[in-house]
Amino acid sequence: MLFLLDAGQRALADTLHAMLSAADTPAAVRDWSRGDHTRGRALWSRIAEVGVFGLAVPEEYGGAGPHPVELAVAFVELGRHAVPGPLAETVAAAVLLAEPPLAERFLPGLAAGTDMATVAAPGGCALDGDAASLRLVPAPDGLCLSTAAPGPVRRSLDPARRLTALSPAGELLTPDAPYDRALTWTRLATAAQALGVGLALLDRTVTYVRQRTQFGVPVGSFQAVKHRLADAKTALEFARPLLFGAAVSLRPAEVAAAKLTACEAAYRTARTALHLHGAIGYTAEYDLSLWLSKARALRSAWGTPEECRDLVLTDGL
Amino acid sequence: MGGTGRKAAIVDLTHSPADEEFRAAARSWLAAHVPRTPLPSLETEEGFAAHRAWEAELAADRWSVVSWPERFGGRDAGLLRWLVFEEEYWAAGAPGRVGQNGVSLLAPTLFAYGTEEQRARVLPPMATGEVVWAQAWSEPEAGSDLAALTSRAVRADGGWRLRGQKTWSSRAAFADRAFGLFRSDPDAPRRHEGLTYLMFDLRAPGVTVRPIGRLDGKPAFAELFLDEVFVPDEDVIGAPGQGWRIAMSTAGDERGLTLRSPGRFLASAARLRELWRARGAPEHARARVADALIAARAYQLFTYAAASRVLDGARLGPESSMNKVFWSELDLALHETALDLLGADGELADGAWSEGYVFSLAGPVYAGTNEIQRDIVAERLLGLPKGRR
Amino acid sequence: MLFLLDAGQRALADTLHAMLSAADTPAAVRDWSRGDHTRGRALWSRIAEVGVFGLAVPEEYGGAGPHPVELAVAFVELGRHAVPGPLAETVAAAVLLAEPPLAERFLPGLAAGTDMATVAAPGGCALDGDAASLRLVPAPDGLCLSTAAPGPVRRSLDPARRLTALSPAGELLTPDAPYDRALTWTRLATAAQALGVGLALLDRTVTYVRQRTQFGVPVGSFQAVKHRLADAKTALEFARPLLFGAAVSLRPAEVAAAKLTACEAAYRTARTALHLHGAIGYTAEYDLSLWLSKARALRSAWGTPEECRDLVLTDGL
Amino acid sequence: MGGTGRKAAIVDLTHSPADEEFRAAARSWLAAHVPRTPLPSLETEEGFAAHRAWEAELAADRWSVVSWPERFGGRDAGLLRWLVFEEEYWAAGAPGRVGQNGVSLLAPTLFAYGTEEQRARVLPPMATGEVVWAQAWSEPEAGSDLAALTSRAVRADGGWRLRGQKTWSSRAAFADRAFGLFRSDPDAPRRHEGLTYLMFDLRAPGVTVRPIGRLDGKPAFAELFLDEVFVPDEDVIGAPGQGWRIAMSTAGDERGLTLRSPGRFLASAARLRELWRARGAPEHARARVADALIAARAYQLFTYAAASRVLDGARLGPESSMNKVFWSELDLALHETALDLLGADGELADGAWSEGYVFSLAGPVYAGTNEIQRDIVAERLLGLPKGRR
């Protein structure tokens, strides 16, 4: 029993953080929001080079996994930098396609980052169907590879999330895919991403209230401001062990609990960040918006709070 | 025993027959005129024009500014009748009000501090939507702390010249004119003094309007760069140097009765209940839907009580700060509950609730942050010590 | 439409406030909690003299009512002074027994304060069965006047609320009593009492934090303290118009909404009061405890929050 | 890529076989010994005696202080094994710990700052419940602000004489001895200096104990009046004048790992789920029950992570303040949800949850109010400016 990240895991986080900090990720997000995927794809390739997409892919198919803890570590960083694209969905695809013969055909491309995948949510839209090279649709007769053009882009409250309807018309890949297992991995990735989003919002807000003055003093010296940020910090720091505990066990109820908790903490932090920034936080041109709107969208993606709670009550922690 | 040996005569929530007649007239006009499909977003050029046309339609039958005197386009409706109108207006699903900055902030100021000439010149085109007003309060270094304003009004022949920068000017991307405070006497001993309340043209020489997109990208406000913008004396409201006092009375109105009428929240709460039912009345949202209905009703009755005190001769003071906190939190709770009811579809930006959600997010911040309002409640209503925050 | 208390209603409140302030009500509460009803009964008589119990009783039976608004005004004051005894239950009895021939027999005594009544809650206990002279039990075959001795006293979290089981053995008064109407009046009285409890807690706490110093300054100068009290004030002030609106309409859903809102506001205020007083608030000997524990008990008496919400959703406001 | 090409070796939530053996031993002992009916309330004379006897029963098989060295009655259990023991202890429904003030506050202080003579003299009777300790920190004018203490320790021949008043001394109504801080040098330049950490006998001449009833009337704490109470030098912990530094390290423990073990909340959350199911799994409480289960698990894993950092050589600092806020709010939420599930019966003082509810109400106040903890989180973990509140 030692519940600590090791040096290699911490190095993975540091590597991603340094790379994404240097890469002008906000510009890639803004391009992505307008449907210009060039910079986003370049970023994607660099993330793949670090091995992130291989963490859900076994070694025999070009990956290094499965390594759920490292995946969680990496996705915290992707969230912290608001990286755009169907990130959790590509993880979902790697799990859905993990059995031979599909594995041989698809996993190497996913691990290498040459393929970007999306998966239609049950009865809903698929994220970034216009950007993904693999568009998967769980249909009544099985998992389909959609070959029809994706529907028109519907905007999310997070402009970087471009949602499209997908037609199941195309190739039936398998009558039965491991949907439950895929959902668990997708939720784990989403939880990690949300935690990273929350951490970024907290960092930026702390920096802002230290320098912004009103009534002659830093805004961060008001007790009401301090306490809101202390609550955000506490919520995020208690979500973190749930995330890594869920990564270790991969039990669906634990993953659901982590997803719920990380997303709630991130959303509460977003509300605090928006409030403490005042009007500037409310503008699209200020970078804070890249994280603010993502916190809300992730909260309902791949499992609403109620769905997560139901799993906790049914399966137990 | 004193006063209880008779039917309650004054605690009376029944509207008079005349007020009910007014309600019926409003309702039937709205039923005939409210657009069947929602207008495009007010925060787009197309939507702005459509909302301006709607104001003209309202004004043609004198429904745009019911509380104003008839000579300016109103119906002399008192406070209670205004509340009745608002209940009907929002219950009918009528469009948002593009003229709100002018009608609820500038007009009360003109009624209180303007000249009759200013009223006659400014109010009628405001009532028809021909002139839409933006507010120009905030500056980059003066948000909650309005007394820190630095934009200047410098005396000139027959008027003033404005220079400086304003920001978060709502509606300014598409509006015609703006009003705000400018520092006319930088040597005044205290920073609340030496400010002057002015109206100016957004298309005057020297004005540059840079629209700012809010979270959803729509240009809901703008930065204003002012480079020697001439304002004639006739566009000064009240005496030069008295701007702070005048603006504070307007700010009271903004927080108080006239910014957010109960009708809005009653209508939103009713829509929320419909949404909840349409989604199969899920148990997880039951308490939040009930609480929203109750809070909207509480806000309505609180407002009726406040209006009754005004009619009884009282002035509303710091209790407006309770209003501001209450409605802004209610508005947010209503919209968050709605998005939660929509599940994964809640993130779609084109949904019926999403624009309102984005708007509601700003509620706790603008018109004085809720922290400032809580400080006011604590210090001025409860008498707690001032000054340490 | 004028939603204001009139001079007579305000005078009623002032009269009660002055009388209860002068009467050392806390001592009566403490005696009552120990089962010594002497002072409590004396207080009860004086409240009856002001006409409070007659507000639910028509003039022909010795009352001055029905005057639900005045009743609400009076019960706010009873709550503000933590008056002990089956107050709302005596109102319930007046409504349950309002039809002849029961009315002639019972109402004059209730209005005059010579009778103190309690009513067994559905499937539950009756408040102050050991003190009440009329003990009513809604039973399957009708409303019974219990003549058996009440069960042993069970302590409530509010020591002044002495709960006893009641046996329906005794006299069957009527096969069908107006239970719904009685519940509405009881809830109205409870809502008013709760609002008064909350107002007293707020007043006492404001006074305390103005004089109590820590770290060299009044506790009330800390922003976190100010904001909690501002929230309590706001919650109570928004419960007030719901209460009087419900008194005017007597619609069950409106009364339920007022009951829920006043009780929640009072309980939140109790939590704030306890927290801001620190340890002293947590002691039985300090008078604050008289209101603190009542706020919790009233919250579930005669309608839990969920029962009240259900009525709001079913009947509408 | 660095470090990911192998199975995760360190993030490991599996207990070692030896720890699992320890768990099994604890579980089977508890199954055989935990009283089948709950003991009377710890805050009554009868209950205090019963709980003292229970400590003796635990101690007889060396289960009362598992983390202590064997020579003082413990099992040398490390931090992880202590957590395991606590999980089993509370899951078994075992009684509250009457010796907690001594074991979790005084004992760590003695281990860190006491002499071996003091440990040998004080710890074994503490382990058996023969001597139960009360804490004596607060004074009427020094609650959250401990540095404002004024009770004196005056040098005397071979020791000190105490005078003054302490309050909120938990357990003191029935306990044997107490420990606390006294001002030994009133002329020290700063008020944190000149305090001395002392142990004294509650039955010594000059000590008057006045029990104070908490909300439910039970004498959960007491006032102590001290009139020239003699304390021999051997009962001073650390050097005279060093009391503040020593106490602060104890206060860190109080807030930190050792005051509220996750086992308590895991057990309470499991009981809450049982109650919820027994009441027919009402929908209105579904979210709160789920959230309590999740929060208890989060607290457990947070504690495992903190313990792992300690085992890895780190010291726990201001992060303990997050713990304090988290467990106290969780405890209150758990109990409020339970009372709500009980409906109108929730007000009954003899219910299984009511004593815990009353206890949980104090959580946000004692061991440093949650406001102070939030200030610490904001200032020391987030680096926000100090000093204004």
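Going by the order they are written in, the chains are A, B, C and D; count residues from 1 in each one.
Basically, a contact is a pair of C-beta atoms (placed from the backbone, for glycine too) under 8 Å apart; a residue touches a chain by one contact, two chains touch by 3 or more.
Since the model is a prediction, treat every value here as computed from it, not as a measurement.
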Between A-D and C-D, the pair joined by more C-beta contacts: A-D
Distance from the mean Cα position of chain D to that of chain B, given in whole angstrom: 52
Length of the line joining the C-alpha centres of chain A and chain B, rounded to whole Å: 38
Sites on chain B at which at least two other chains make contact: 284, 286-287, 371, 374, 388-389
Residues of chain A engaged with two or more neighbouring chains: 221-225, 227, 305-306, 309
Contact graph of the chains (line, ring, star, complete, other): complete
Residue numbers on chain C that touch chain B, as the complex places them: 1-9, 11-12, 15, 50-51, 54-55, 64, 67, 69-70, 202, 206, 209-210, 217-218, 220-223, 225-227, 229-231, 233-234, 237-242, 244-245, 247-249, 254, 257, 260-261, 305-306, 309-310, 312-313, 316-317
In the complex with chain C, residue positions of chain D that touch it: 138, 143-145, 148, 167-168, 212-217, 221, 282, 284, 339-340, 342-350, 354, 357-358, 361-362, 364-366, 369, 371, 374, 389
Complex contact set, residues of chain D against chain A: 1-16, 19, 80, 273, 286-287, 289-291, 293-295, 297-299, 301-302, 304-305, 307-309, 311-312, 319, 322, 325-326, 371, 373-375, 377-379, 381-385, 387-389
Residues of chain C that touch chain D when the two form their complex: 121, 124-125, 154-159, 161, 163, 214-215, 221-225, 271, 274-275, 278-279, 282-285, 289, 292-293, 296-297, 300-301, 304-306, 309
Residue numbers on chain A that touch chain C, as the complex places them: 222-224, 227
